[in-house]
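Which chain is which? They are A, B, C and D, in the order written, and residues in each are numbered from 1.
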């Protein structure tokens, strides 16, 4: 069947993995869901194969199938997975135990949930060695520490005894890589190994993977939705959509001259490739100052217990935001970037009045506003809206989409009950969601859909200032591009003032005139986007910048 | 041979071992095992005979009783003297916290004349006195020990005078007794000891008997009597002096109305209730007190249910709201059954009885305070003499206001006093017959039926019965084989 | 989303039906059967459940009395059906009070946290460490015996379970983004609490309440000796079991059938709980 | 260690709770109609005798004065006299703590053993018949009153097969393993379904957890993943639930104590309450509360030991 096609795609090297016409269904409460519809691809020894595609296209299912890690409700309808000539899907339980870990190993998208929270990490790294190689636990511990050192974890002997929650996300990912490498597999499957991580950490992990691959002669399958990452890491790439392979070929070729429409769209949507949106309008005419923040300082006190209160014990204090000032004109846009925990979301919260600042003022149209939301008059509450960071957490799971969107309209009496359906339809159209989703519960939506509902909810109140906290991280690149377009339109047409929080400089560069770089609660760099990006002073900014241009460099070169 | 330990199980807990401080069944039974009395009743309690007192005299005016003691010893080996007897009686009669001094009101003084002679002086002629000298709270305790230990300590580890001596008491669990080597009746008791155990659950007590963990099960649910009998246990109904009744509050409407009381009395089918609840082990009641008592009037007819008559009486009574609350102590299934039957029967007469289960302590509080309309209750009498019984249930001048019914008939009160002072049997009989007639006519209480004691004994237990006074009076002759 | 959904998914009702866990369907069916039997009781049997018949006591199951008669000659089948009314009521009202009180306290404590929570938690701890019976007796003594006292005492004691469940959820939810989002749009605390925190915090309680309902019936019968539960002669399963305790070896049917009835109702409610857990936790 | 700082904090938090409990109990029980002295002396006693005794126990004083003396004496370790038993409350309680404690611990030990076995078996054979049977049994057995479980066990094991005694508590530790087996089994039968349902669900949830998948990808066998990862990760919710169950059992064992005739705390408390034996109820309440506090404390310690993330 696909043998011929597969053979032609192989350019040199011995064929190590060969997936043939793999089709997988899942049984769900609604009936069966087809996740893969006859997928074929192959991996050569020593090669790095990238798999890209939108969310839900079957990347993870395909990778897991390589290890026969198939969920209980899944059925393999057809296909074979040949690894060195043996069909993985036909392996017995005992054969699989050898195969997994020794021949092929996997690292997963989310390191926090894929590590056992209550076992010290060295055991999790070492258990494979104990089981497969017959090492004693004490030997395994030594080797685990070695491996952790190899993964560039500082002070590995001490960290080995730590529990996952005591480590940062990057360290956790390294632990997982160490565990995967413990039994020296030939094939490493990395399923979005960096999406959950900070860009700077992402760069380190990718570098680490590159090095390991070189040193250990590993064959690598790397899944990502970020073409930049793929471009940097891989020799060949498979593009997937809707459970099928759209296109396969060497990275250069796919990126520069994609044949498939979807691939073309995918590449066009990469923010790093998008030209900055036009925003020449306001350069000359000095527009009114819309929002000014002066010396904002936010502290968090740990919740005080009754006994603590009685005994007048001081509470533990964290300074999340420390003396931040910036200004924004009407229709202006500010991008806030910075590492995780640097205080980005906290700024957003204190702006809309959810966190009371200890010091500083917030001025809207030149007038200071109340610190706490409930002290502000409703009209003012409405003026400033926020889109929350995590689409899985920011929608009430007990409500339907319609209820979610209608509630603010009703509460603020923005329209009569009769007009509500019309308004809802309008909002849904704005965020490019089909109207029939209105009756669904929010739990029944995909991450991207949820995020757009969150945006629609914020827009429902027709805010003049919109704070968008990492709105695009859960989105497919294609949808991301649409949303960014929407923001830009609103800004242009309605004079919306935008604060965009992100760790993706490419996005910020596309949309924002100004950028602020945060670090440990302080603004370390602040200025016009182009200026900051072209002359970064802070190391952190440099690292962030280093993380974007991977793909553009290649594509620039190609151009 | 193995030690012969008799294991008895009962559903109530022993609360004290001091004879004068209790009126509870569990304690009363224990007292009989531990303390000897001046006189001793025979098995069916029809007569009293010599106990610690070999013989006795009564003065002609009936006011002075002289008892002559035999040679006897307490369990600690010290002799039982007249001093001890006088002490025991004085304590029982005059000590403030004596729980049952009421029947001994006529006793003025108890004195030791010499080491072996006790003289008791009454303030009036009081025929029932002799029979009273064998009830539980007249058990003879050693003066020296009580005074030395103090009441509280004595109540927990008494020095006994009866067939068994005290060994151990675990409150809420068991009392352990051993043969008293100094017991005054030579060669007795046959048993080496007794364990009196508190086993609150009826079914568990039966299971323990069946499993051989108990030899005597005191208080068998009627439903299981036949089964035990079939399995070879001795489980025959034993004569009791209990009267089951509907207590009514004469000071509260509608029971302050004679016709209404009569309507209730005629609306109730005593035989049906008796048969259903006791499954044939009891007899329907015709009198206010039990046939086990002397001078019980057999000739009084059991009031037959007559709905028409009851309805007529109800109409005559003029009671407009013919309904009342019928209180039942929660957790007593026989009482509950009785209440439901009464409710059903009275419903046909047009009287509504609202059954209310109430927790037992609240029941007593409400009875004593007179804060009730009616209640299912029962009582027993310690002796066969009816004086004591009447003072309990129909004497309006007494402390307990005719068993808290507030029934108070001057004529009855007078007759009770008269009966107590009368020596001659026939004359007493006439007085008591009259009282029974009046109380039935006036419906002092609605007596329902006379149940039996229902106990089960392992076939190994020889010669043991529970007498009407809640005493195992033959315990010293009982044996295990 | 890429996945295609197969099967007869056109009709929304059919889809809803298909999405319901089987356990939920079976559980609701079992429970509804009891509701039906309770309502239709007078049509299904000609015996009056409180009519005593002293000539026919302790009859074994047979022609005349399908499930036998009790110690007062009452028909067990009839009492069983009529008893369902009292028991369903007990199951229902026995959990309504606790769930309302517990939810309010748990919600306030969890949502506001801080000092309010500290004070409520001390009340919680006191109640948790408090022997049930002391409270029950006190309430019975003040309010008198019967169902009302039972419900009140259950409320005063059992609220803790719900408070515990709701609070631990609310503690997390109050910082959930969707709650902050609601607040950021200027909704009041009350609205946020009722419409955003509460529906989500109720999920574990909704599951537990089914088990609790069964325990309520069982408890009612075992506290009968305090005068709790329905008053005689009203038929009620727990009381029937207690009445039958002494007849287990001689007239087993008195206690057995009501026992079976409780088990079946318990099964129904537990299955509902099971199904609810699936429906609410995983979501489709 | 920081994570164990709560060990010191708990006693402080305990003070208001203990005061609250004792005050409420005191007022509640004393306000409840019914007079322990009446009960002690019985229905035939005269009012004189009752008044005399009331004065002797100080019951004629105002409640708060009584409470004040109670606290004063309690601080000196004297919890007063049982009115009904006429003995020091301390002794009444001491006699009864041991059987109840033994019974609860024994019952829990059995429950834990059954729960682990059943939940493991069910989870490991998820969806198959064994799992279904376990689930059904657990669901169906919630409604069976423990009185009947006990009675049936007695009828079967004691009377028919004569394997165990009906009743009895002996002061010998090892004897009691035999004597208290059936009552402990009764507890286990009522507790196990609840725990098993919970543990099975957690097991199954955890078997699908990402870290378990990660374990599979490392070539670990199902058995190893279960015993080393899933098992330990699943214990916490069940341990917490067990804390609740124990709180319920403490003082709630009266039915079982009655059926198997064990002289324990449950019986004594009910009796105390029914007879309004003020000081017994008061002291017993405190002892039980203390037991519950200790239970919660143990649950806290176990939680902290089991889960390194937890900070209390």
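Everything below uses one rule, namely that a contact is a pair of C-beta atoms (placed from the backbone, for glycine too) under 8 Å apart; a residue touches a chain by one contact, two chains touch by 3 or more.
Here the structure is a predicted model, which is why all the values come from computation and not from measurement.
For the interfaces A-C and B-C, the C-beta contact count is higher for A-C. Averaged C-alpha coordinates give centres for chain B and chain C that are 46 Å from one another. The geometric centre of chain A is 86 Å away from that of chain B, both derived from CA atoms.
Per-chain Cα centroids separate chain A from chain D by 49 Å.
Contact of a single residue of chain A with at least two other chains is seen at positions 306-307. Shared interface positions of chain D, defined as residues touching 2 or more other chains, are 13, 33-34, 151, 155, 274.
Within chain C, the positions touching two or more other chains are listed as 122, 137, 141, 226, 245, 248-249.
Pairwise, the chains that make contact are A-C, A-D, B-C, B-D, C-D.
Of all residues in chain C, only 50-52, 54, 57, 71-73, 137, 140-141, 144-146, 224-228, 231-233, 242-243, 245-251 touch chain B in the complex they form.
In the complex of the two chains, the chain C residues touching chain D come out as 122-123, 125-126, 128-135, 137-138, 141-142, 161, 164, 211, 214-215, 217-218, 221-222, 226, 241, 245, 248-249, 255, 259, 262-263, 265-267, 270-271, 274, 277. Note for the complex: chain B touches chain D at residues 13, 15-16, 21-24, 96-102, 152, 155-156, 170-173, 197-201, 203-204, 207-208, 210-211, 213, 359-362, 364-368, 392, 399-400.
Residues 64, 67, 69, 72, 93, 96-102, 105-106, 108, 110, 113-119, 127-128, 131-132, 163, 165-166, 176, 179-180, 182-183, 306-307 of chain A are the ones that touch chain D when the two sit in their complex.
Residues 26, 28-35, 54, 56-58, 241-243, 303-307, 309, 349, 352-354, 373-374, 376, 378, 381-382, 385-386, 388-390, 393-399, 407-408, 411-412, 441, 443-444, 446, 454, 457, 461 of chain A are the ones that touch chain C when the two sit in their complex.
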